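This structure is in structure tokens; I'll ask about it shortly.
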Amino acid sequence: MENLIALLVAAPLLGAAVLLCGGRRLDAVGQWIGTVLAGASFVIGVVLFADMLGKDAEHRILIQHLWTWIPVESFQADVTFRLDQLSMTFVLLITGVGSLIHLYSVGYMEHDERRRRFFGYLNLFLAAMLLLVLADNYLLLYVGWEGVGLASYLLIGFWQHKPSAATAAKKAFLVNRVGDMGLSIAIMLMFTTFGTFAFGPVFSHVGETGEGKLTAIGLMLLLAACGKSAQVPLQSWLGDAMEGPTPVSALIHAATMVTAGVYLIVRSGAIFNAAPDAQLAVTVVGAVTLLFGAIVGCAKDDIKKALAGSTMSQIGYMVLAAGLGPIGYVFAIMHLVTHGFFKAGLFLGAGSVMHGMNDEVDMRKYGGLRKYMPVTFITFGLGYLAIIGFPGLSGFFSKDKIIEAAFAKGGTEGWILGGAALLGAAITAFYMTRVMLMTFFGEERWRNQPTRSPEAASAEPAAEHHGEHAEPHPHESPKVMTIPMIVLAVGSVFGGAFFSIGDRFLHWLEPITGHSEGNSPLSAATVTGGTMVCLLIGVGIAYAMYGRRPVPSVAPRGSLLTRAARRDLLQDDFNHVVLVRGGEHLTRSLVYVDHTLVDGVVNGTAASVGGLSGRMRKLQNGFARSYAVSMFGGAAILVAATLLMRAV
Amino acid sequence: MSFPLLTATAVLPAIGAVATAAVPAARRTAAKSLALLVSLATLALAITILVRFDPDGGRYQLTESHAWIADFGVRYELGVDGIAVALIALTALLMPFIILAGWHDADPLETGSKRWRPTQGFFALILGVEAMVIISFEATDVFLFYIFFEAMLIPMYFLIGGFGDRAHEHGEEAASTQRSYAAVKFLLYNLVGGLIMLAAVIGLYVVAGNFSLQEIAQARANGSLHMATNTERWLFLGFFFAFAVKAPLWPLHTWLPNAMQESTAPVAVLITAVVDKVGTFAMLRFCLQLFPEASKWATPAILVLALISIIYGALLAVGQRDIKRLVAYASISHFGFIILGIFAMTSQGQSGATLYMVNHGISTAALMLVAGFLISRRGSRLIADYGGVQKVAPVLAGTFLIGGLATLSLPGLAPFVSEFLVLVGTFTRYPAIGIIATFGIVLAALYTLVLYQRTMTGPVKQEVSAMPDLRARELVVVAPLIVLLIFLGVYPKPVTDIVNPAVKSTLSDVHKKDPKPEVEAVAK
Amino acid sequence: MNPVNYLYLAALLFTIGATGVLIRRNAIVVFMCIELMLNACNLAFVTFSRMHGNLDGQIIAFFTMVVAAAEVVVGLAIIVSLFRSRHSASVDDASLMKL
Amino acid sequence: MSASAVHSLWTTAATAADPISKIPAPKIEYGQLSPTLIVVGAAIVGVLIEAFVPRKSRYYAQVFVSAVALVAAFAAVVALAAGGYGTTKAHIAAMGAIAVDGPSLFLQGTILLSGLVGLFTFAERRLDPETHGNRVDSFAAQAASVPGSDSEKAAVKAGFTTTEVFPLLLFAIAGMLVFPSANDLLTLFVALEVFSLPLYLLCALARRKRLMSQEAAVKYFLLGAFASAFTLFGIALLYGYAGSVSYATIAHVVDGSVTNVDPALANTMGNDALLLVGGAMIVMGLLFKVGAIPFHMWTPDVYQGAPTPVTGFMAAATKVAAFGALLRLLYVVLPGLRWDWRPVMWAVAIVTMLGGAIVAITQTDIKRLLAYSSIAHAGFILAGVIATSKDGVSSVLFYLGAYSFVTIGAFAVVTLVRDAGGEATHLSKWAGLGRRSPLVAAVFAVFLLAFAGIPLTSGFAGKFAVFKAAAEGGAAPLVVVGVISSAVAAFFYIRVIVLMFFSEPRPDGPTVAVPSPLTMAAIGLGVAVTLVLGVAPQYFLDLAAQAGVFVR
């Protein structure tokens, strides 16, 4: 059975290779090759899953050793896959959602002449992501880790002719690299500490080293997670990443890749459990980010950016949960999965809206779309209910559990974290309602509008085939796009319930992550109630602001906070001033130094020798008598020196 | 006595060089094909060496030893260890690509006399360099090594000064003056280094009485040859200086950007990918084996310099406006990594460094050659003159991107393996330095992606709108390199297996052991 | 009388000759000064010969004279040809080659 | 000393019963002196040829005689060496005047060979365009006629050539043969003059640029005479110090190993002031010949002005002879004084190496450039001289051998590059030579690289040998300085190469004349020796090593 594991990765990899090297002759069928291979990978996943369910809990770990990768003395890196419940969960999520989004893209990218390459990249991403979750040691994981980074770079910058896209892609890669630094340092630390970086040995020997080392490792892992999962302080790239095609935003920047950080933390649970300080740091980062993202989400008028903010904040939840240790791991993953459903759904919905609105992304130019694109409206709506945690829907279960766990951490920390989580829930409700209202309700602000706000100009070449001018004609998207949305909507409705009833998910993952019930100061019921209250408050405020009165189609100046939030709470400005400007100055001055100082010294020496030569040359003045003088002087010196030598 | 394989491998290209030079002026293509054939034949010989070499065999294999200049205690001694084998293979491997890539670089445009044969000269010189590089990898006699280490400069000098980019922003006159400036700079830097090494070589003779690497190393080991501490240090510095210039190590690096900027892309590859490797290789083989104590004494300083090279080179690469200069500074940063790995004195570090030499050779070749194709199309080296190439020449852009990704050592591509080994190897002994060096990978991403973004993406510039995509010949050059990058990235074991034993014995020469992990997590 | 004085004289003559070479312009005069130096040497030889009581010095003196004579031949030939082509025997005029 | 003692000198002489029997007949080993004698004989024959052979056939006769003589002399040297006179049977010949030993034989061989090659360049008659249907060489048609005068035109028209150069050359060579093997100071001095005077004349005989040629001759002559005056005075002082001019005796006195000093002589004999001053002055004379700073200033002017074949011969052979004599003087006569002269020579060597290299950087005339390079090389050789060890001697011998051929070859190439005004020696004219005639440029590049001491050329082997000896002799600082100055020197050799290969050829650039087999032979030999001594120097190193011992 374990021999199938390699195929999981191989299928999409093959797809990528074929599509990228295949050349123009594959342009026609490219999208289908990609989709089929993604599907194939999903099927294999399902088969393995079925097989795994067949076994009992302790025999569910499959190891497939492929080959020895880097053997240098004690440094032994192998290409070994490990399929256990945790990775299984991810495999299904990745391949499942992935396949759906492939399908969706077939319609979405229909008119893009570089479609073949797009699907190639998507497959590449799947392969890398699967490698990431299937790796049995950190170095191999690192390969997948950077692989997904590459894929996201390529996909964000897919419309390379747009400078904004290219810049966003570069930014994403760079910020991720900063995180990757953390991961590589963590690996080095593990190697020096344990002499290996394979999961098994490291986790089993965690106890034998000091907490300091482990904390260091944990913090480095956290840094990596921050980069990949867009957590504060490395979150700045996610917003810009929306430059990519919407399916990409759905798959990579909502459902799967950005959750890799959570995977990393949960996977390294053993280490974190032994390093409380690191755990605390994780929870703090999570809490901060979930608020940060939420606030940003409130201020954005660009529908995708608003959703991006929400993604950030939702992942904040997961990280927070993961930071709580055994209490939270399972729920972190569970929320991750449900979030995968509804956030992907929401993005696809947003994509569908844009598709119908000449790729308009400014929600202020939407409004009252529900009757033009019913399917989109319904699926999006369900996703919306799920994310705000409407009772019974998936978000409700997963998020609720996290909030409970946060309180269960106990002590002041527990209160603070729990409070943050609750507040987050309220804000989530607010901004999602805002999105909902601005898009599907209210008067139709897109009528007699100068279409296509300049910043969205030529946003997506698909537009070139729609009317560039006059007002848009909102319409429902083709089947190939709506079907995936529907499927995901189903997932986001029933997923949570399915997982939580009888703690299925808990029992499924427990053998890997371990689980412990914290002693919550509040009863589960209280927490749920509190959540509900927050939810209502959020929705209420949003309704008051955007449902009752008309939405101005140009953004009002807004309060200081709003304006800050619109600019991602000034985080980018900070980066720009400190890193970019500073960096430019540094490099420019270094170039100068290299030219004048380092090079100058050498050239200076050469020049001075030349000058000396020129001066000495003058002595050769052509007059025989002066030559005689020098000889005479020379002789005198010679004699004097010889005598002197004898004297001393 | 068996067939002198090593000598043959070095002599073949030498003969080829003479033959190529002798081809009449009119028969240019003949000369080119001849050169290509010779380089391929040399590759075949190199592969034979690879096959005949037994990783678990003695330290130096396929040895040859003949009397040469008894008065100077010099013998004609050849022998290869794993490190040398790897580098010889690299050299022989790159040559055909270099020749193929430079196919049209030396077609004469100005009318010299009937007997003026730049094309023949160009390829003859390239083969000459190959011969000298190979023999200096093979030499186990210090003097023999020195001779070719020095002699190498002359053909390189003519290659740099004699042949430059076709189109030049300031016209041919300015170009030739800049070229000869670069050439002279290259030569003087390396000559000064070499001459200082000469003093040390003489000193070594005075101390040791002969030049046989094995004998001296042995004598050092069993204590029969004692060097006064200061003597050893001075000699070490003499040797190291020369190698540091060649490598190049900050602050002796400034010749490299000029040289690479002014010479044609294939020659630039020849410089960084092949010739400079002799410097780092020699550190590993000569500095450590001949002067173990002094090496250890100098390690801290050298590590710091290497660290500076890494960061400094990367930062300057970010600040460059000229594609070739950018690659040059990137190389400086990479050489910093190599030297770091060598002097970390751990098996990971040194194996990594050796692997790095190979991988850097391949990756730079890929990146630089594609850059050369790009430049030859547009006739400018300035980054600012490009934009949106990806749209008009996707394959070119793709290969360029892969080359770039290799340069920023993306996991899955060969350079990652070596770079990570170097980092780990350094980290295990000097955590702080290891961490600072890690910043290099972020900067690498920065300069590579900036380069790619400015040249390949964005709206299509008017001048590049008509740019043709890679031609067959160019694809033949690039594709194998890329395949190799991926293969060695996924399965570097063949190389490491060859290299590891050599590194092991080098380490034992300097009496260094890998630091033990704190916890014995893996059962031995 | 102490023969050492002759040595002093010889040294004096030698110095005078050398000085003349350094300060005089006319090639002929310069050449004469050189001859003077040679003769100073001869004087020294003869004096030493007398002091040592062996004849070597005196014989050497003869050799020196012969050599000096030969030098005169060559020297005058060169100087005269120079004079004829330049119409001046000043050594300072002959400074085409410099630097 | 008392009057009576002096009086006794005469009386003894006067009261000799049978004076004839008192004077012992000199015993001359003609066989061992044969090389010198052959050359001198040939020179005299040459003079006779000038006197009796009709003008038309003089040239051929002269060339023939000189060539035969030189070859024969070389054969004689080889025979002597083979006879073991270089090693086991080495001894003092000709009543203590000449030392026949390793160094002298080796150097004589070198001088003869470079003399032969020099002869080839002298005899070259294809480079200058034929005037009035007469082949002409690079020597004045009639030295006596005033430049540009009618008589000169007439002489040219008549197709005169100064065939006297060949006997002159032979005389010079004869003197050079004696110079390094002279074993007493008188012989040294005579030999010095014997090879100097012909050179003075040869310098004046250029066919083109006669004014410069004559000027060179005057400068060379005046300064040379000036220097030899110093030498002579030095000899006088040494004589005064030791009471003899024989090397052996002086050495003994210096060592203090001489017994029964006549108290009457005590006040001069063994007076160190005399010794030191005298020694310094002789050394100065020799340093003048080798062109060491500060006695070098004649070198550039003379090298530039003299006819290029003469320059080449002079640069090579004079250095060989002078360094031979210097070696013998320092190793045989003044070893006891080592601690006095070594520091001084150190200084001279350093100044010479650096000075020569640095000034050369800014030269614009190829011949002057080579002159300064030869100065720098003198410095390198001095480093070997200072080693004061057997290795030192042999390394210097090897270096001289290697150097002389490179030099003659280089100057021979210079004679090929010509324009309307004769040889085009200004560097700017050499621009792009590599494009015009790659072969010549390549050959010259080889010579330059040899000068620069790039590996695989004889220059490197020689430099290595010398520095090695110096380092072993404990002169490590000298080696470092030498290395640095080689770096500086490399710069201007490279500059010439850049000029030849990388810069665009001038439209008014010079043409490269196609020489006769003679010059080709000279150049070819130069290249061959350069490469052979660079790649496989072992045999010659052995030779030099065997020849490294002086006889006392």
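Letters A, B, C and D name the chains as they come in the text, with residue numbers starting at 1 for each one.
In the analysis below, a residue touches a chain if its C-beta (ideal position, glycine included) is under 8 Å from a C-beta of that chain, and two chains touch if they have at least 3 such contacts.
Everything numeric here is computed off the predicted structure, so don't read it as measured data.
Enquirer: By that same contact rule, can you tell me which chains touch subunit B and subunit D alike?
Expert: Expected: A.
Enquirer: For the pairs A-D and A-B, output the one whose chains share more C-beta pairs in contact.
Expert: Most C-beta pairs in contact, of the two: A-B.
Enquirer: What chain sits nearest the middle when you go by CA atom centres?
Expert: Per-chain C-alpha centroids ranked by distance to the global centroid put B first.
Enquirer: Counting in whole Å, what is the centre-to-centre distance of subunit A and subunit D, each centre being its mean C-alpha position?
Expert: 81
Enquirer: Where the centres are mean C-alpha positions, what is the separation of subunit A from subunit B, in Å?
Expert: Averaging C-alpha atoms per chain gives centres 37 Å apart.
Enquirer: What's the distance between the Cα centroids of subunit A and subunit C, rounded to whole Å?
Expert: 97
Enquirer: With chain centres taken as the means of their Cα atoms, state the distance from subunit B to subunit C in Å.
Expert: That pair's centroid distance is 65 Å.
Enquirer: Name the residues of subunit D that each touch 2 or more other chains.
Expert: In subunit D, the residues touching two or more other chains are 218-219, 222, 226, 230, 300-301, 491.
Enquirer: What parts of subunit C, by residue number, touch at least two of the other chains?
Expert: Each of 18, 21, 30, 91, 94-98 in subunit C touches at least two other chains.
Enquirer: Among all residues of subunit A, which ones touch two or more of the remaining chains?
Expert: Expected reply: 606, 617, 620, 622, 624, 628.
Enquirer: Report the complete set of touching chain pairs.
Expert: A-B, A-C, A-D, B-D, C-D
Enquirer: For a test of understanding, state which residues of subunit C touch subunit A in their complex under the given definition.
Expert: Interface residues on the subunit C side: 18, 21-23, 25, 30, 91-92, 94-99.
Enquirer: Once bound in the complex, which stretches of subunit B touch subunit D?
Expert: Against subunit D, subunit B makes touches at 67-72, 110, 112-113, 115-117, 146-148, 150-151, 153-154, 157-158, 161-162, 173, 176, 179-180, 183-184, 187-188, 191-192, 195-196, 198-199, 202-203, 205-206.
Enquirer: Can you tell me which positions in subunit A touch subunit C when the two form their complex?
Expert: 617-618, 620-625, 628-629, 632
Enquirer: Once bound in the complex, which stretches of subunit D touch subunit B?
Expert: Checking each residue of subunit D against subunit B gives 435-439, 449, 454-456, 460-461, 464-465, 467-468, 471-472, 476, 479-480, 483-484, 486-487, 490-491, 494-495, 498, 501-505, 536-538, 541-542, 545.
Enquirer: Using the touch rule from the top, collect the residues of subunit D that touch subunit A in their complex.
Expert: Against subunit A, the touching part of subunit D is residues 218-219, 222-223, 226-227, 230, 272-273, 276-277, 279-281, 283-284, 287-288, 293-295, 297-298, 300-301, 339-341, 343-344, 347-348, 355, 358-363, 488, 491.
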